[in-house]
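Okay, handing you the structure first.
Should a chain be cited, it is by its letter among A, B, C and D, assigned in written order, with residues numbered from 1 in that chain.
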């Protein structure tokens, strides 16, 4: 049985290495991006160029996308020259962006009216923007559709977790972003107390990582802080985009997330200092300024 | 060379299994506790009984202690019938309680005036109150003293980390407690959003644990919450005791720890509901009440 | 000199009594509302009915509006059958809604391109939804325009404060909403400590009101709480609408407002309990639930 | 009927002007202070000097005190050479310090065992440290005792409010301090948004003061900020002492006060910048630093 022809929309820091991995896995990939350089880079690696999202959909069997935010997903799927104009019954769309669960459901519903299926499939763990085999993919949609595209998803991430119906991939991604942001704050407040107390901070990181307060953040982000390395990883401004989605969802659900609201404000102060393009470990600088400390080790 | 004779003061949920491990490792251990039942239990396993902390010190070469809080440590070392009355030059005291770094330094200094050495050596990871080989011990004191008692500490914990001079074991333990408490809040806010959104929470835990938002808490405490198991592990009231030490230290250092202050207040509300003896995963109940949710999976 | 003919768009809880006051002051007023009942009520009191915002503008010299949120203002001014379609050079529009400062500037700019002037003129102090002479009006726009409509504004509020150029009325209104929301939290946390301590809460209110912790909220909202009167005044859901505008503005400015973010989350929890239509003094219920208390007096 | 002889213990920034007012009102006052200069100043104005708290009590009918904190009250009443050593049945002690309600009850109970009565009578409104007729006095104790000393209290404050039994004066004073601190935060967050938006901040203060977001803080502290006047009024470090009493009481009561905890941390950061001796309006500087703003007007 021959491989399905793939389309890919959105060739940014996440999308480009995804296309590379799909090409490596032997798929034919037709691509489109809002700006030309992303397209050129992918064409050089073997992808085919399309003129619009609609053109992508007309030239493939399965459309993937990875764009920035909810309005972008609406635009490339439902806007002028969007996927919806040419998608055919039986086709599948897989959106790997992190967006609002409500918008994920809305777009899935619009495609379903055309006889197509959609999955929301945001990814986690893409530190460094590099797509490595360690990515987790959280999938929302029907089980049969998920099963049918699993080989494709396995070319993009190591763990494919089918959470539930449409929107649930996004919901769990947002949960993930809450936890990541607050683990980051946890690490930073711990580091501040250590530094301000005159402790050997690298030994503190070593000791804490080993036990019941351990986290991915403590093991992976704290060592960067000790070297004053604030390069991203995962950018503050993208974390903030995701926390906005979280807080909008909490508003819809009418629930209080007081810790998330606090860390969102601290990151906002950090953006005001011009640190939006740094990695989320830069959160420590918001506390350092407040507390007159500097964490080194 | 024969093994040193050991003393042990404080035979509670932490101290008793420590004594057992020391006996198993072949040490002679003389014990004292504020109340009788703890003593009886240890004597049955082979320990010798002493009449007071001073009596313990008079009958051993190295004194260990594991009591609740700063005033208790002051009392058993410096109070009436305290260790200081009989400690001899060259002896070593190892306090494994979690207390104020300032009090750790004060007691160390008082013993030093008698020619003895002291180490602060709080432990982390003692979930279930059971002392297993996975305990980390964070040690403050001079390197030579640490080296001389390392075999004893290795009978009590898997990782022995010498952080720095007296008080630094306690400082890093407090950092650890900050991080643990906020990782707990991180997990709980993530779980609440998942539950309130109608997601399959166990799949959410699975997905988040695997990636950049992973933590010991998510892997170990969240599964308990899904089963509505709020048994301790680490009790809310002890977490609060430690957060009080943290906040007192932050006050001395004149630094702001806004996340820690928030989680401390949430735990306080939980204590008001009669949940002080539950495990720290019960924090989810403070959010559940606020948000009209229940996390199950 | 004869009075200018007025138009009024938006005949809700705020708009209707404003129209009444303008009619009482002797103005001819042509009105429009999204739904019929508001129009009928005003017509009964002497207003003339129009068929659309554009129709209002075509039949008057000065357009006033008081609708709910930024999109509503955009719609009635710039949308289909909007004011912009018929507004004439030299006309003035006065928007009394509370909306985003950025949208206020955007609409003002669009009208200016048609040769008209706009003022943003949100009001404060409209407790009970009744428009009394105690309303303050915070005005953004050019000084000459403000001067020319001051007699009209004086029919609607007691204090007319020209803050600065377009948008500044809205900006200061948002500042006002921050302060009001946090004064409300201040009052509620004080009441909770008093109640939980078993104090005579009415004496506490009396004592605090008199001194350096006094506020409008303590003098006016606390007595309602003591009688368990949660009728609005100013509704939780409208306070939340305004706090969303505040937090969106803080996001644009990249500043942290940690207290505002906290009280916004607490109100959100309150909305989840079905209290969105109650007055903002109901905030005490969010704390009462958290703290197992009830404030009565 | 002749006036009772008074004693006064604690001649600091609050105590000294109180003694002056009592002398002006025609009372004989015997004073004691921990350090000599306070005594000398009062003696110059007509007071008599005593050698200790016990000496004060032996030479008067009614003892007043105004010291810093709970341990100081315990010391001067119950310590060596304390009031308790010489107090006689039928005497009355009035403590005007702000301390823990629990300690107020403890000391009252100890004096009662000697046949004496005690009142806790903390004051509010003593901005500038000057004792003016605008002071409120919140009194805990039995009604008969309060009635018998009302003429004395009226020499010290304008409003005398009997709240309830012993400790209740302190409880309500703590409530007052919660409200004052959070009204201060409310004002500061409002000012920050205004300043960062480029608004005329003095007009914002004017507009907000007039309406439903008005407060003593907005009317009295905001104008100081606009002039960059951070002189006390009420010092940050004393506000923090009182917030510590509040948070300790909340801990005893097992209630969450999330706003109070937040503002306490922000003040702590301010103390770390060396602003502990400034007035509480300096809180704005903690936000200014976080948000890259400066409030002037």
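Following the convention adopted for this analysis, a contact is a pair of C-beta atoms (placed from the backbone, for glycine too) under 8 Å apart; a residue touches a chain by one contact, two chains touch by 3 or more.
Please read all numbers here as calculations on a predicted model, not as lab measurements.
Comparing mean CA positions across the assembly, the chain most remote from subunit C is B. Both subunit A and subunit D derive from one sequence, and where they touch, over half of the residue numbers involved are common to the two copies. Compared on C-beta pairs in contact, B-C and C-D come out with C-D as the pair having more. Rounded to whole angstrom, the centroid-to-centroid distance between subunit C and subunit D, based on C-alpha atoms, equals 37 Å. Centre-to-centre separation of subunit B and subunit C, using mean CA positions: 53 Å. Within subunit D, residues 250, 253, 255-258, 262, 266, 269, 272, 286, 290-292 each touch two or more of the remaining chains. Against subunit B, in their complex, subunit A makes its touches with residues 101, 124-125, 127, 134, 136, 138, 159, 161-164, 168, 171-172, 174-183, 185-187, 189-194, 196-197, 199-200, 203-204, 206-208, 210-218, 220, 234, 246, 249-250, 253, 255-260, 262-263, 266, 287, 290-293.
Those residues of subunit C whose C-beta lies close enough to touch subunit A in the complex are 244, 250-251, 253-258, 261-262, 264-266, 268-269, 271-272, 286.
Residues 258, 269, 272-273, 286, 289-292 of subunit D touch subunit A in their complex.
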